[in-house]
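All chains are identified by letter, namely A, B, C and D, in their written order; residue positions are counted from 1 within each chain.
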Amino acid sequence: MKRIAVMTSGGDAPGMNAAIRAVVRYGVSKGLEVYGIMRGYAGLLEDDMKVLNFSDVGGIMERGGTILRTARCQEFKVDKGRQEAYKILKDHEIKGLIVIGGDGSLNGAALVAAESDIKVIGLPGSIDNDISETDMCIGVDTCLNTVVENIQKLKDTASSHERAFIVETMGRNCGYIALISGLTTGAEAILIPEVKVDYQALGDKLLAGRKRGKINSIVVVAEGAASAYTVARHLENRTGYETRVTILGHIQRGGSPSVSDRLLASRMGSAAVQAFIDGQSNVMIGIQGNNIVSVDLNRALQKKKELDLSLYDLANTLS
Amino acid sequence: MKRIAVMTSGGDAPGMNAAIRAVVRYGVSKGLEVYGIMRGYAGLLEDDMKVLNFSDVGGIMERGGTILRTARCQEFKVDKGRQEAYKILKDHEIKGLIVIGGDGSLNGAALVAAESDIKVIGLPGSIDNDISETDMCIGVDTCLNTVVENIQKLKDTASSHERAFIVETMGRNCGYIALISGLTTGAEAILIPEVKVDYQALGDKLLAGRKRGKINSIVVVAEGAASAYTVARHLENRTGYETRVTILGHIQRGGSPSVSDRLLASRMGSAAVQAFIDGQSNVMIGIQGNNIVSVDLNRALQKKKELDLSLYDLANTLS
Amino acid sequence: MKRIAVMTSGGDAPGMNAAIRAVVRYGVSKGLEVYGIMRGYAGLLEDDMKVLNFSDVGGIMERGGTILRTARCQEFKVDKGRQEAYKILKDHEIKGLIVIGGDGSLNGAALVAAESDIKVIGLPGSIDNDISETDMCIGVDTCLNTVVENIQKLKDTASSHERAFIVETMGRNCGYIALISGLTTGAEAILIPEVKVDYQALGDKLLAGRKRGKINSIVVVAEGAASAYTVARHLENRTGYETRVTILGHIQRGGSPSVSDRLLASRMGSAAVQAFIDGQSNVMIGIQGNNIVSVDLNRALQKKKELDLSLYDLANTLS
Amino acid sequence: MKRIAVMTSGGDAPGMNAAIRAVVRYGVSKGLEVYGIMRGYAGLLEDDMKVLNFSDVGGIMERGGTILRTARCQEFKVDKGRQEAYKILKDHEIKGLIVIGGDGSLNGAALVAAESDIKVIGLPGSIDNDISETDMCIGVDTCLNTVVENIQKLKDTASSHERAFIVETMGRNCGYIALISGLTTGAEAILIPEVKVDYQALGDKLLAGRKRGKINSIVVVAEGAASAYTVARHLENRTGYETRVTILGHIQRGGSPSVSDRLLASRMGSAAVQAFIDGQSNVMIGIQGNNIVSVDLNRALQKKKELDLSLYDLANTLS
């Protein structure tokens, strides 16, 4: 019986458990034995893994986080560490490795593919939606719904008072979360790393809105564009409004996955196993349109994901 | 200033308000005047419409239902009724008509396009996801999340008792809701109109699951495949289990739209106006992959939407 | 070290896990050893129990259902069965038994108290809120929020169409769920076992509402008052409206417990252990106002819980 | 026909709309005319009010915020401003004033009662639950559920990583929100204004938890006890853990009200009108146990609400 292993690594994302479940159950249904490696590359180096059977992944699809947990790992970044890891995988006769995670984790996966004869399949799990060659990453949809549900609550109180509210979302290099959550809540302004922040224009926009009769203002800012506190200070100086700050933080990584994330993770997880069976390696499973595809892992990693700035314009037009 | 009108028709779907908002605001930003027609074709025949300004559609994106309401209309099905409707539209100098709705409503829209010189753009709004030439319809994602959240609650209690639970979802001709909600909750069986129901096999499957140690069973059934009560009776006869029935009914049409539905509706609504500006008519706005497209309305209506049965197999493999 | 046991029995209710957690952790903190008995009296008779430590109940407070599961048990209703049960408890040197459940389960608990020298403490867990001597039972608040969230979705679609919607809730003998959910959603009518159903008056009320300009009607009916289908048929006959039915079923028993249920269960669970330590037996823990109290178990069981019908009048006044 | 007025004032709270609805509909049912005053005392001074009829408050019970909006008002704090306000109320022949709000708003209400012959009834609306003579204020239950749902998401990711998460809740003088949300999520530590913060003990507690095998730590801190960033810095210094901060901010004031808040607000709103009819003045409507009561307004304002610190101990025992 062939043996593969699955791990989650880096920042966690809702839907990782659904992906693990799909890998295990699809794998088992195809006659494979599936190991779960704990805490990503860190657990791999400590040989912390166990067989996952069909029933071991029952009742996990609906749960946030990852039953395999995640960790960051410095040792895997040096050659010696990785060689040790390959030895451990070989000792267990593990022929395939499925890595679920973001940019950094998939870079690790590409190294395994390049440096060993283990077949490697990556799955894009990242709430930031910052990975190329796939329309969506596992976790994005749930994250967006969490952010929007919270901003929606803010709108209730915002329309009771005369204030500006600044909401800071995740997104260090990529404004996707801020952009989509701002667009779908009708935020008055959206600040993202991809567009230079102009505090003067921002203040003027809010003042103009107030003149037109608006009684509240919500500004969504990606952490990579500015700190919510900085935005608040600038706005207070320019407009004289009271400002209030919400920092959503890691709640954006949690929550029971949405239907869309469960479906995506289930499809990707089983496609990853199928890719292994088909003899593929150094690929990433992605979704393009409605199609689950297998793309070159290195190309996905080297290409920068472009944010669709027409949505930024649309947000401005509609708000 | 050119004048267009927007209506919602047929069964309502979450996100219709977001589409109305996008039509109005995008239209106004392009210098159009936008009328809102109340209660679909019925309201049109009664000349029940009013101008919608930018601020009239504030705060509606997040609300279920449709501020324009919907109704069914027999008179529009006869020639005389439709001629009257065209006269009303002409009297108001309405040059374009945007219809948001399902199959029946879009069929009406196609008639307007064929029989008058009013430019007609359709938007697919239907929780059933049964319209061709578009991957998704407005409302589907929210509906699925409503269904799954409820089935998830059932799983809590299901794993406390020894019973079978039958959940009936919408879907008269199309099993999409049942299929995806069943797949993403790990339902033990999914009954859809597209696959012949075999009660003997169903009973055997549940008995086999119980033998393997399963302590609960959830069966999701689309209303078009069978009534939940019929399924329950068959199961009780065959297995001797106690069964309990949930009929979700019209709660599936309600709820604040999900991020995905808000985004889809915002993109489609503005694209519909742009299509009118570009001189298009007798088209439907759809989404194919990540791209908003404009497709021939008649082709969309004539082609039967095929359910992706590989997802049915995946559900069986993973549950 | 003294030893106690805890079980859940009968229909499950959200918050039971929070109560189990409190019993175990409070017990352990007081130097007791706590056994968890599986599947209520049925598991007791099969000697299906295990020690629960502090960490065994980690991460369960937020989960619906009960980790100890429940079952119904015929054998416990006969003397011979119960004597066997007492023997098993004695063999394990279990000095105290905490039973979390509804009417039937607490009746069983009272028998244990009367027939053995095991100290027995009952906790009222029942979504029906039908137990006397306590203002609230564990699970009621979560159940109500589930029902109301669903009816709220119905209101979205209800105000888009011209129809009557009939929602059937749990409540065989007690209309509490229907009454409170109807009151807090502004339902047009509420049918409960405590008030004789008058279909003629109901039809007239809906017709009158329609005349006043109402465009939708929601009727909430407790299963003990009538079947939703019966109500629908009567209404259609009398008013000619289209009617649509929702049967919520066992989703009312599930879901992550609300804050109020977690708090109530945590307070009651620890109070139950403290009552055992204080030498009490044959009592039920209840909440009266803000105070956790210990009341005579038999009195709680013999007294019929009265529904506050002034709330029924209030619902009629406000809707 | 007698005339009364209702206003919301100060920080808004979920359920205020349900209270407004109850005041209006109960009042109308008793033959009163009910004015809604916009933006609290500020709107009163600007004579910004209108009659609210039965249908004006349809569909508002389920919405967060307040349709009457709120504002702060300096002029009402000086005698001259208040005399003007009384004149406006008299000119409208308003005999009774119902004020829904927190501490400050109710202090204003007490002044009206003392200085004019207008009958004044206060309703405690405050997410902080910091008002005496009532077990609960309108908005508390919804706020707690919002906080807990968000912390719950944090727990998903917390158990995937090795970190400490600091969540800052509202509560300037009163730790109720932090205490109850911490207790019902099993937070490792709760910092409230009522208990002196000991950073050394806090760090030791987290280190000890880690030694026992805990892989995550959540600290809930009321804004009145410390800033989340201060707590994070202290913890990092003492333990070396990575820390992550969430500032919930004003999302705690929003959201569709829970069933409990809708019920409380409906009962309190109608009781307030009944108190006016009964000739009462200078009272506050409260809930004590299950009973809606009318208490002396000044006593409610002068007495400090005591936090039940036994719940703090319980949280420590159970976490």
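Here is the rule we use: contacts are C-beta pairs under 8 Å (C-beta built on N, C-alpha and C of every residue); 3 or more make two chains touch, one makes a residue touch a chain.
The model shown is predicted, which means the values in this text are computed figures rather than measured ones.
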Exercise. Which chain is most remote from chain B in terms of Cα centres?
Worked result: D
Exercise. Could you state the distance in Å from the CA-based centre of chain C to that of chain D?
Worked result: 28
Exercise. When the C-alpha atoms of chain A and chain C are each averaged to a single point, how far apart are the two points in Å?
Worked result: 39
Exercise. Chain A to chain D: how many Å between their CA centres?
Worked result: 35
Seminar exercise, completed: Among chain C residues, those touching two or more other chains are 152, 155, 159
For this session: Work through the pairs of chains, note which ones touch, and then classify the graph as line, ring, star, complete or other.
Result: ring
Exercise. Which chain C residues qualify as touching chain B in the complex?
Worked result: 8, 12, 14, 63-66, 69-71, 146, 150-162, 165, 215, 244-255
Exercise. What does chain C use to touch chain D in their complex?
Worked result: 18, 21-22, 25-26, 29, 55, 58-59, 61-62, 135, 141, 144-145, 148, 152, 155, 159, 180-181, 183-186, 213, 256, 258-260, 262-263, 266-267, 270, 288-291, 308, 311, 314, 317-318
